[in-house]
Each structure stands twice: as structure tokens, then as C-alpha cells.
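Every chain is named by a letter (A, B, C, D and E) in the order it is written, and numbering of its residues begins at 1.
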Amino acid sequence: MAGGTVNEILKVENLEVVYNDVVLVLKGLSLACPRGEITALLGANGAGKSTTLKAISGLLESEHGEVTDGSVIYQDEPIQHLIPEKIVRKGIFQVMEGRRIFEDLTVEENLRCGAFTRPRSEIPGGLEKVYAYFPRLKERRRQLAGYMSGGEQQMCAIGRAIMARPQLLLLDEPSLGLAPLLVEEIFDIIKRINAEEGVSVLLVEQNARAALSVATRGYIMENGRVVMDGNASELLNNPDVQEFYLGMGHAGDRRSYRDVKHYRRRKRWLG
Amino acid sequence: MQGKCGLFFTSYRGEAQIFQSGFQKLMVGLFMLALLAAPLALNIHETSVMNLVFIAVIGAVALNLLTGVCGQISLGHGAFIGVGAYAAGQCTLNGVPFPLAILTAGLITAMVGMVFGVPSLRLKGIYLAIATLAAQLVLEFVFLHGGALTGGSSGLLLDPPVILGFVFDTEARMYYLLLFFAAAALLMVANIMRSRYGRAFVSIRDYYLSAEIVGVNLFWFKLVAFGVSSFLAGVSGGLWAHYTGYISAEQFNIGLSISYLAMIIIGGMGSVLGSVFGAVFVVLMPEALNAVANSLSAVFPGIAQSLVALREGVFGLVLILFLIFEPEGLVNRWRLVKAYWKLYPFAH
Amino acid sequence: MTVVPTGYASYHNCRIMAYLDVRDVTLTFKGIAALMGVSFTVEQGTIASLIGPNGAGKTSMLNCISGRYTPDGGVSGPCTISLDGENLLSLPAHKRTELGLSRTFQNIALFKGLSVLDNLMVGRHSRMEYGLLASIVYWGRAARQEDRHRRRVEDVIDFLNLSPYRHQHAGRLPYGVQKRVELGRALAAEPKLILLDEPMAGMNLEETEDMARYILDIAEEWGATVLLVEHDMGVVMDISDKVIVLDFGSKLAEGTPDEVQADKNVIAAYLGTEQATFSGR
Amino acid sequence: MEYYLQLVINGLVVGGIYSLVALGFVVIYKATKVVNFAQGELVMAGAYICFALTVQFSIPFLWAFLLTLVFSVLLGLAIERVVLRPLIGEEHISVIMVTVGMSSVLKSLVQLFWGTQIRVYPPVLPTEPVVIAGLPVAPVYLAAFALSAVLFAVFSAFFKYSRTGIAMRATAFDQQAAQSMGIGIKNIFAMSWCIACVVSAVGGVILGNINGINSHLGHLGLKVFPAVILGGLDSLLGAALGGLIIGVLENLCDGVARQFFGLGGFREVAAFIILVVILMIKPYGLFGTKEIERV
Amino acid sequence: MRVSTIITAACTTLLAGLMLMGCGGEGDKPAQTETTGPQATADTSPDTTPIKVGGLIDLSGPTSSVGVPYADGLRGAVKYINDNGGINGRPIAFDLQDTAYNVQQGLSLYKKMVNTDKVVCIQGFGSAVTEALVRTLAKDMIPNFSGSCSAHLTDPRTAPYNFFTSADYSTQLRAALKYFRSQWTEERAPKVAFIYPDHPYGVAPISAGKAYAAELGYEIVGETNVALNAIDATTELLPLKNKAPDFCWVGGTTPSTSVILKSAKNIGMNSVFFTNIWGTDETLPALAGADADGSFSNQAAAVYGKDVPGMKIIEQITGGKPQMTHYVRGFVSILTMAEAMKRAAANGPVTGETIKDAAETLRDYDPMGLAPFISYFPDDHRPNMAVLLYTIKDGQLTFVAEEILDRRADWLGH
């Protein structure tokens, strides 16, 4: 990767985030998203991945979180103190964890909400595009979103993002609770959106294998800091990543869950 | 109930106690002693205010059990208190001894409360709240049209309580009677809260779907919550009736229900101690405002008139301020203060 | 094995009743079928997994077993769900717990206002017997029972390594711990059958491994039967004794993990081709 | 029979007023999920402002009315900013109680400025009654009826088709998710309170024309609950029809109770009893959106 | 975040401060009275210590629209008494507090006034608080001159310390019935109907009215309830209309009267409506417009502007600003109490008991022409049996007649 600000749509520098005035969740986090590419952010639960995304999109405030230090530079402009509305207008759109569909609204109304910051004239075209990506949404566009299955809701959530025509898309665990086939489909679409719309993507995932298979670059977080970063292929080949994130044994094959020893489980609590 | 640092338990039972440390027990004991001695130091008016506080404490802790602990909002508690007042009044008028009359009043109110709790089977949140508002209005209607049972529009006149020939006809005598009932009510609710019933109530409040899965019979336990809460409300009403000696329909209007809700919100939802704080606060507030108005009118004559118009507004304002700045209620502030002194002088 | 009631025999060809026996469950919402005549069995002490695409009816199935939903009936006869020979359908949800049924939820459904300890104590609700008066007095019977049940709950706390969180409010714990507390609450009820709805969702590898270990231990050490709904195929295929695949409300396949993995229909509808990438981690 | 027909017509007429107030209530609920116990007091505040402008400052009615609307917008902004914004995301009961507190504050402010006396409006609408099916009806009621019909149509279209309307509904469902769409939820809240205050003020002016105003006009807010709950809290159609239904039913029940049981004063209670019965059958009201529960 | 903490702290402090002031204020007062008390009795020089009187009036709440002018009247009269030598040189210290239509508040204030502030007399107002106090007053021996005129308060056997200055509600209704009967010229019996709120105050005189109406030969054709806060009364009046009553008694308050008159006009009811003392005041013509014309009302006191000595004083005190009839009634209530106090002071110490005894010696006391003459007897607290009948003509309250009934023993307390 050639460095330099020109190719980086987003740079996060030494970000510190505090919740409720006391809990320090991010402790000087830095990362960069190359323009036009997919960046994966991996890490354990509670490492601060979702917090990072919310700090970028400005949604921290509604959870009593606050950026206390560091900066978020988007296209050479600091945005860490802007309200979410402004940030969306600048072209950053977050698809939140757990889909967060407006269940009382129909699918089409949900999609229209995605285009809230766009001129009215873009809406018909946007809808066309979303329905092209997700034909299933077109069939159900008059249905209440709350009655759809989890997969369809995730499609709708990504559809809203397409409506917003962002330049940087933040995706928080798009595979959560989805069947393997759907995970495959969703990651396909993410790749397509990235390629066809030229949208840069910052992807947070538990499913490290899937994430690294679509990303060009990856970061691994632990306890509010980045502990490892590199190209996706480098990370996939790193033995630590293989052991802790991909579940591979020493021989390079997949470890069976049956073989996880009791002592390993105990170790963490004793140590 | 989080054990504090330096407090180690050698039995599970020790951990389940209401007052855990020796120091806590000592303080509570001293406080009870102070309460017992209080009428000697207070004048009649102050004693009467304390008496109102005790009655309010019973009502507040009753409502807190239903709304704060079990999550079923009730806008009908004023009327439930009324049911207790009329029931107890009718009992003593017909020669039932006072303690039995209070018990009967509690049971009758419990029954009425459970009847009006039936909609909770299907209704949740605000929809249930409005259904209990219906209970409030229906009961008010009954009070007014109850004929001889409620004295209709002219109400009922009652005599002061008599227990075994001893007449509670002064403020100080009522003080001890009411103190006893208030303490008993608090103990009762505190016990329920640390038992399987209390846990079942909270589970219904927090996540009724999983409560059902762990084996809580939702409908039955909601009814029990309505029943116990109404029982205490009825006791509170019976005491109120015999304390004031006169009951009429308009004493138990929607305003009473709302002021009890205000008590538990100001004090702290779901907390026994919070009910006490809330009751004290709401009963004392008009007294305090009157005193302020009086002392101010000495300096600015004529201001008292405006303050009168503002009193209800001040009540509303205090409520709003509490909800904005202390949504957890006074009991939360109390915990913070306690935590501060525990660490003193090393707090920062 | 239990004695087969004669009534069932005529409808279901004298099949010997299994530990959990689900027969011909059909469920519709406003005319849309969520489940259509699904039947399967789970043997005592084994781990069975229920898999399938989103919206296939897996959670609906769990809801039918746990009593949240009542099935409409069967396609070819009356539907039954029985546990150890006892008909569950005739019981309301809260009564089924007493028979030894408990479950966890897809989205965490803990009692946020209670401590971890109290959450587990609620789990024992159906095993406690003392009444309202005893709880008001809290002396003698109530206190003794609380003591006894507390001991059982401490066993669960030990098993799941929850002791550091014993007195913390459940709502303020990290996600992974909350999932464990929920499992603990289900275990506290001493279940004979435990239904787990996506216990691995949102967990990282390490936590997933822990959870897998717990599930294996629940079956092996606690002797409970497990019915698992999960999308993590690695876990499902590794730890299950049997896998049942649902698609569009119907049963697509049933068999050992190996059989199911090789099933063409299952691959087309659910597993996809790039299995290793998207499901195995 | 004619008696009952007249009861029905009279019920519709009075129900029109309920609908009018209920619409403001539903607008707030639809956009912010706030159950507003101060709806009656908003009506009262609007009525008093218009009264002050026309009578005390002798401004011509039309201008005074427009100024009242401007003032209502400001009142809505103030209420949202000062009272409700800090409570975003708090529990049901907290929000209910804050509106209860607000109703006390508004009531006492009105008392402070205008005292407790009854104030009389200058007659704006003609007083000569119009006869409908043998029952003379004052034009004021017709105005209320027509106005609530118009507002219903306007709001329905607004929430269904307009970008802001859809955004309001989205915000009500999930504030954070709405924020992530770039919806300025603070503006949305402020706007919904402004709309509600304006609608209430219009209702207040009409009510003032019926029988003057005093500081207890807010009691009407209590009457609106059966209407909105019956219709379903988040349904405009529910509010519009709920008001009429409650108006008719309470009149009929009252009439029956009076004729056959000799019971007076049944009207106030009737509405609530009907309400509970209907809720037991349809827990989310006639047209309310059922909460989707997933486990 | 920090700002909110500071504000919270400030608010808590402020409230705590308020509480402390509240407690402090209550604490200080008894000390004062106790030090002045012994001095007063020990001194032989003319006693100028104030006589303490408490006022328990609804200044807020649903009845405040009449409570406020009533309270103004009380204050005006106290000022007048004190400016003119007080009670034999002792001023009245009048502590007027708001009961807010709330029994608990009323009781609490009463206890503070009597036990802490040591008032010797109460000026009361609303029915609920007055009824709630009946027994306590007797026990504490504190007279209560109230605005609530329920008939049963006139019987000293049940309410020995209750007084009021206008004819009780039952007497008012009877007087009006008697007047209309005397004006009735047709052959057939006049038809009467009763309209009242379902409320203690509204229900109080109805049975008395029905009994007397029957006695006078009226035909009672119906009754109905209209709530005090009704906005429409068509439903309630429709059944009555078909029975075509000649007279309709309207118990209620001015707003409900207005609603009834307007609804009646709307459906074409042609009865003569007549109201009690709270049902009509100067705002009715404005509220009901032309619909109010021709309705009758009872008044217990003179209407502002009447040419009597008392009215001159009121005009002086209020600077010529027109006052409602409720003001005049409050004024009369204080005048009567002051007269009783003067009589008590002439014979010895002024205590609740002596005021009561002195009040029972009043015979045809003239409250400066503001109201009919007032008498109280030890066994009969009915102030008088006279009612002033007014009608509304061209938007003005116009005097029609003074109707005086016999002081019948069987009416005492009923």
C-alpha cells in the first residue's frame, strides 16, 4: 500500500473515547482506510470495534460516550466533533450492528429514510439500484420491515446505505445471526458495492475469515488499541491470527471444537 | 445488594440480610430510637406532619412494589387507597375492632386491586396505565354513588382508632400507631423483595418473555403484585380514614394517584428506601413552600399571593427537575453520599 | 423407554417415542405458514442442532416447544410435542419449566435490574415452593429454602466461572458474559432439555470455544439433552450428535453432521459452496 | 328513537372536539413516543394566549390568531428543548411524569398571569345554531368537526408521504438508527412538539368560543385518553375516529344509564369502561400498530 | 456532564434549604406565641395583642374562581376592621392559606393554625374541608365561619362550632320555590325539574327541595346531573325538555350554569332557570350572552354598587374597582365574626369558646346592609331565612325580591 493522505479517505489518530465520564473504551486508537478499498477491523468482544465506528459516525453522543482525545480525519478534515447528521451529509454512512430496521415502516419507507440527506430526485433511481442488488426487497417493498426474516432485514439495512450514496461505508457485523449462505451473499454484495459504486468500506466482523477474504487491509484490536495490522493476506498467514481468530491448529488445519480442552477454558480465569 | 469492601460473609443467609453490617444495624437502631423519641421534641403540628408522612410511606411503598418493582404502572392507586378508607370506615362503624377493620380493609382492597389488575393479562405499559386510570374513575364514581356504603356525596364521619379500649385521639398517640404500621409495611415489602416473589416481580418488569420461560406464571404474579400492593394501599387508606375522621369521594381523586407516583419517582423506583424518601419529600414540600411564602411575604408583601398560584407549579417543576437531573431518584443521591463518606477522607 | 400411549399409535405407525418427540408441528401467522408439518426426535443426553436459513422457522420451532407459540395442528394428524413421554402442548409455558425444559434467547433476555446471582435464583423459581405469606415473614421456611437453592445456584456459578460477577447487575456486563449468565439461568432450573438459540452469535473465537465446551459439558456432565439453533457451522458440525435442517418451514434433512454436510439440498439452500470461508471461521 | 338519534348526533359533535385534541396528542406520540399528559394544558395555553391578544391587547382576531400560532411554535420549541430533550431514552413512566409535571407548571403559570377567573372570548363564529336531523348544533362544533377532519387528512398524508413525516416515524421507532440515517432527531422532536402545540392552540381557540376559558380547561386532556387509546396511540385515523366513537358511546351509555337505571354522571366513567373492554379484545386499540415481539 | 452535576447539586441544596427553612419556620412560631401569651394576661394596660384568625380558602384548584374573590373580600374586611380600631383595640392577625380543594392540605393547615399559631377562629370555605373539620372544631372549640352553607351545619347538635352568614343551600332552594309558586298564576300545577352536579355540594339541598316542592304543590317532572366541568349539556337536557318543566333548579357553578343555559337555548327549552349563590355571578352574562337573560338566581349578599353603607366602604377599600358578589360575601363573613368577637371581648378574654357563645347572642345583626339581618341561637345556627332573588336583564344582575321563609323547626339541619 502506498501511504500518504491522498489515498486515505479516513484516518483515525490516537482516538480516546470515554463512556459515562469514567469508562475509557478506546485508548489511543489509530487506523486508516484506503480510498476505494475494504478495510477489516477485527477483535474480541469489548475490544472497542463498535465504539470506533460510532466515534467516526458521531453516534457516540446518544450513548453517553465522548471523544476525549485524538482526531478522526475524513478527506483531510477533522470530523470528530460533528453531529451525526453533518457526518452523514459528508458521505459517511454506518450500518449499525443488529440491523436496526424501522420495524413499523415498510421496506420502501425504510429505504427512503436512508436517502434522508439526499435530494428528492435521487430517490427513484436509488430504489431501482437497491432492488437490482436485492430483488427480494422489491417483492416485499410494501411489507412492514419488522415481519421480515433476519437476512432480509440485513439486506434492507444495506439497502438504506446504498440509498445514502456514501463515500465511506461503515459496516458493523453484517454477518451477525445470518445463515452461511446468506453471509456469503451479503459479503458478495459488499464486494460489489465497493467495486461498482466506488465506496470505501470499513468492516467490523467477528467472522475473521470472511472479513479478510473480502478486505484488502486488516486491523486487529484488543482492549481499545490496535495490536496488529497489515494486508489481508499477511494477516491470514500470520500464525497468531490463525490460532486466535481463525481457529486453526498448529498443523494449519481447523481445530475441532470438541477438542478444546477444559484447562484452556479455565486458564483464562485463573491467569 | 452489593456487599461492600471489607465485608465478608460466612453464610448465604448473612448475605441475604436487609441490613448487612453491624454499623448499619446500629445506625438503623439509633434512627428507630430517635423516631420513638421524636414526639417528645416535636410540637403538635410537626407531629401531624410526621403522621401524614407515615401514611404516605405505606401508600408509596405499596405503589413502588407494583410500579417500581413489578413494572405495572398504576394510575389508580389513589382510588385503591379510597377503597381501603371506606372499607375500614364501614368496619369500625359496624363495630368491628380497629385492627381487624384495617386487616379487612387491606383484604377487600387487595381483592378490588386484583380485579382491576386483570387487564394486565393482556395490556402493557401505557395501555395498562390507562386501564388503571379507568379503575380510578370507576371507583370514584362508586364512592360517590355508593349510597349508605360510602355515605354518597356527604361522606363518612369516623371515630379515632380504639385498640383494647385505648383511644388514639391525639397526634402523639396516632404517631406511634402509624409508625408501627409504616415500619411493618416497609419490613413486609423488603422481605418480599428478597424472596422468590420479589425476584419474580422484577423478572416480569425486566423481561416478561424470559420470566415466563423460567417458570414465572405471568398472570398470577402480576395479580399477586396488584393484590399485595392494593392490600397495603388499603391499609394506608384505612389509617388515613381513622386519622382524619372524615372521608369523602373527592379525597381519593386522580391527583392523589399522581402524587403517589411522584413520590416513587422522586424517591427512587423499585427501592424501599426510595419510597420513604419520596413520601417524606412530597409531604414536606408544601409545608416548606408555605414556610418560604410566609417568610418571603414579610420582606415582599403580596408575594404570598403569587406563590400560592405557583405552588402547584413548583410541585410540577420539582418533579421535572428530578426527572431531568436525578432520574434514579433521591435514593441514588443517598447511595452516592454514602459512598463518599465511606471513602472519606480519601475521596476525590 | 416409556410406554407408548395407544392414541398415538394409530397416527404415527407405532414409532417408539423418543426423549423429545416433535410430531407434525404446523404454525401459521396471519395465514403465512412458518412451520409446516415438522417432525423430529432428540435422544436423551445428546446434542441436536437445528439449522437452516434465516426465516426458516428455527426460532418459531423453539417457541413452539417452549410454549411461546401454540402450534395450529398437524398436516396429517394432531401435532404433538412431548418430553420424556409428557405432552407439552397441554401445558402453559411456565408449567413446562417444571417438567425440565429451559432455554436461552437469541437476543440477550436477562433481567437487567437484578444481579447475576438473582438472575440465576430466578432461574430456580419453579423449583421453589414457599408461598406469599412465608416470603412476607421471611423466617423459617422461606429462609431455609432460599439457602438451599442458593447452594445449587453456586454450583452453576462455579461451572460457568461466573463468580467474579456474582453481585454485579446483569445489564452492565460485557456481551460474552451476559450470554454466559443467560446459559446459567437456564441451567439453574435443572433442565432435562435445554434449548439454546444462537448461543455463539456475536462471539469471537475464544468465547465460542468456551461456549462449545460448556455445551458439551452440559450434555456429558449434567446429563441434559441439548437442542441448539446456531449458524456457526464449525460448532454445529463438531459438537452435534444430530443435525436437523429446516427450510421455508419444512424439514429439509435430518441426520448426523456428516450426512447433512454432504446433502446436496442442504448445500444449495443453506451451506453454500464456500463453506470453509463463511461458516467455519 | 329520535332521542337516541339526537344522542348520536350530539356525541359526534362533542366527539369532534375530542378528535381535535387527540390529533395533537397522536402527532407527539407518533414522532417521539411520548405520552403527553399535558395535552389539555397545551390547549389551555393556546386559548389563553389568543384571549390575551384579542381582549387584553385588542388585536384583531385574525392577527391575534396568527400570533397565537407563532407563540405556540415557540412554546413547542421551549418544551422540547428544556423539558423533554434531557429525557430522551428514559423510561415510559419518567416521560409520563415529566408531562404531568409540565401540566402543573403550565396550569400555575396561567393562574399567575390570568388568575382563576373565567375569561370570556369575543364571539368569533356565528352563534345561530344549525339544525341537523332535528338537533340544533352550534357552528362552533361544526367548525371543530370540520377542522379535525382537515387536520386528519393533512397529517395522514404528511406521515405517509413526506420525507419529514417518514423520518418522524423512523425516529419514534429507533432514535439512534434514525441518527445514523442523517436524520436530525432534535429537529424532528422540536418539530413534532411545535405541530402539536399549534394544533392544540387551534383547539383551544375553538373551545374558548364554546364556554369561555379558565385554568381548568386542561381537564379536557383526561377525556382525550379514551379516544387516543381506543383508536390506538400511534394512529391518526384512530384519534380522529376514536374521538367521535367515544363522544357517541359516552352519550349513549349516559343516556341509557339515565333512562333505565336513573344513574347520573355516568358519562365520565362510561368512556373509560368502554375503553377497557375494547382494550381487552384489541390490546393495541382499534388501529394501533402492534408491537412486534421477537425472542 | 459536569454542568448537570453542578445543577443537580445546586437544586438539591436549594431544596434542602427550603426544607430546613420550612422546619425552622415552624419551629420559631410557637416560641413567639408562648412568650407573648403570658404577657398578655399579666399586663393590666389595654391589650393590643393581635387576635389570630386563620383562613382556609381554595385559592387554587377547581373552586378557586370563586375562592379568590371570596378571599379578597375577607382580606378587605379585615383591613377595614383593623383600620377602625380592631376588636376593642386589638387588631385581627389574619393568616389566609390555600387549601387547594384538598382535604389533606386543609387538615394539615388547620392543625398548624390551631396548635402552633393558636388561632381562635377559622374562616373556612369549601364543603370538603369544612365537613372534614366539623368534629375537630368541636373538640378544639374553634368556631369556623365558612363559605360552605350545607344545611346540616346549621344544627348545633352536630356542628356546634360551624357558622355561615347566608341562608343554607336548602333554605335558598325553598325560598326560590316559594317565590315562584307565589308568582304562578295558571290553573295547573307548576312543573319543576332539578339539575345539579353529582357532587356533595350539588346534591346537598336536593331532597329538601323536592320535599318542599311537593308541599307547595309543584309537580316534580325530572332531575339530571351536569358535571361542573361539562362543555355541553345537550345529552343531559334532552330528556328533560320532553317533560317541559316550567322551572329548573340549577345547582352548580357559573361555568356549568352557562353551559346549561346555552344547551337549553340550543334545544329550545323554555323553562325558567334559577340557580343558587354559587351558580350565578357577574361573569354569567358574559359567558352565556343573551342566553342568560331571564334566568333567576339567589344571592346571599348585595351586588356591587348597591346603595347601602357597607358598599361605600367596599368601594373605598377596592378603589372603586367593581367586585364580584363573592367578594361581598367574604366581607360579610368577617364583619359578622368581628361583631361576635367584639361582644366576646366586652365580657372577657377572646377565645374560640367565647366567640361561639357571643355569636349565639347575635339578633338581627345588620352587616351594613350588605346582606339580610343575621341571628344565631344556641340551638339554631341558621343565620336567617332570607334570600335575595336577582334576575339577569340586559346582561345585568337585577334585584327582584327578598323572599323570607319561616324559621321552621323541622327544617333545622335539613
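Odds and ends about this structure:
Convention: contacts are C-beta pairs under 8 Å (C-beta built on N, C-alpha and C of every residue); 3 or more make two chains touch, one makes a residue touch a chain.
Please read all numbers here as calculations on a predicted model, not as lab measurements.
The set of chains touching chain B and also touching chain E is given as D.
With steps allowed only between chains in touch, the distance from chain D over to chain E comes to 1. Between chain A and chain C, the least number of touching-chain steps is 1. Relative to the C-alpha centre of chain D, the farthest chain centre belongs to C. Look at where the CA atoms of chain A average out and do the same for chain E: the two points lie 73 Å apart.
Each chain gets one centre point, the mean of its Cα atoms, and the points for chain A and chain D are 44 Å apart. For the pair chain B and chain C, the distance between mean C-alpha positions equals 41 Å.
Looking at chain E, residues 59-60, 198 sit in touch with two or more other chains. Residue positions 68, 105-107, 109 of chain C are each in touch with at least two other chains.
Touching of two or more other chains is recorded for residues 144-145, 209-210, 309, 311-312, 318 of chain B.
Chain D meets chain E in the complex at residues 3, 6-7, 10-11, 13-14, 17, 108, 111, 115-118, 120, 123, 127, 129, 135-138, 207, 210-212, 214-216, 219-220, 251, 254-255, 258-259, 264-265, 267-268. Chain A contributes residues 43-46, 98, 148-152, 173, 175-184, 187, 206-210, 213, 244-247, 254, 256-258, 260, 262, 264-266, 268-269 to its touches with chain C in the complex. Within the complex formed with chain D, the chain B residues making contact are 67, 73, 119, 122-127, 129-131, 133-134, 137-138, 141, 144-145, 209-210, 254, 258, 261-262, 265, 269, 306, 309-320, 323-324, 327. Of all residues in chain C, only 51-56, 106-107, 161, 164, 174-176, 198, 201-210, 212-213, 216, 231, 233-235, 238-239, 269-281 touch chain A in the complex they form. Residue ranges on chain E touching chain D, taken from their complex, read 59-60, 62, 64-65, 67-69, 197-198, 223-225, 227, 229, 231-232, 234-236, 238-239, 242, 254-255, 258-259, 262, 266-268, 283, 286-287, 289.
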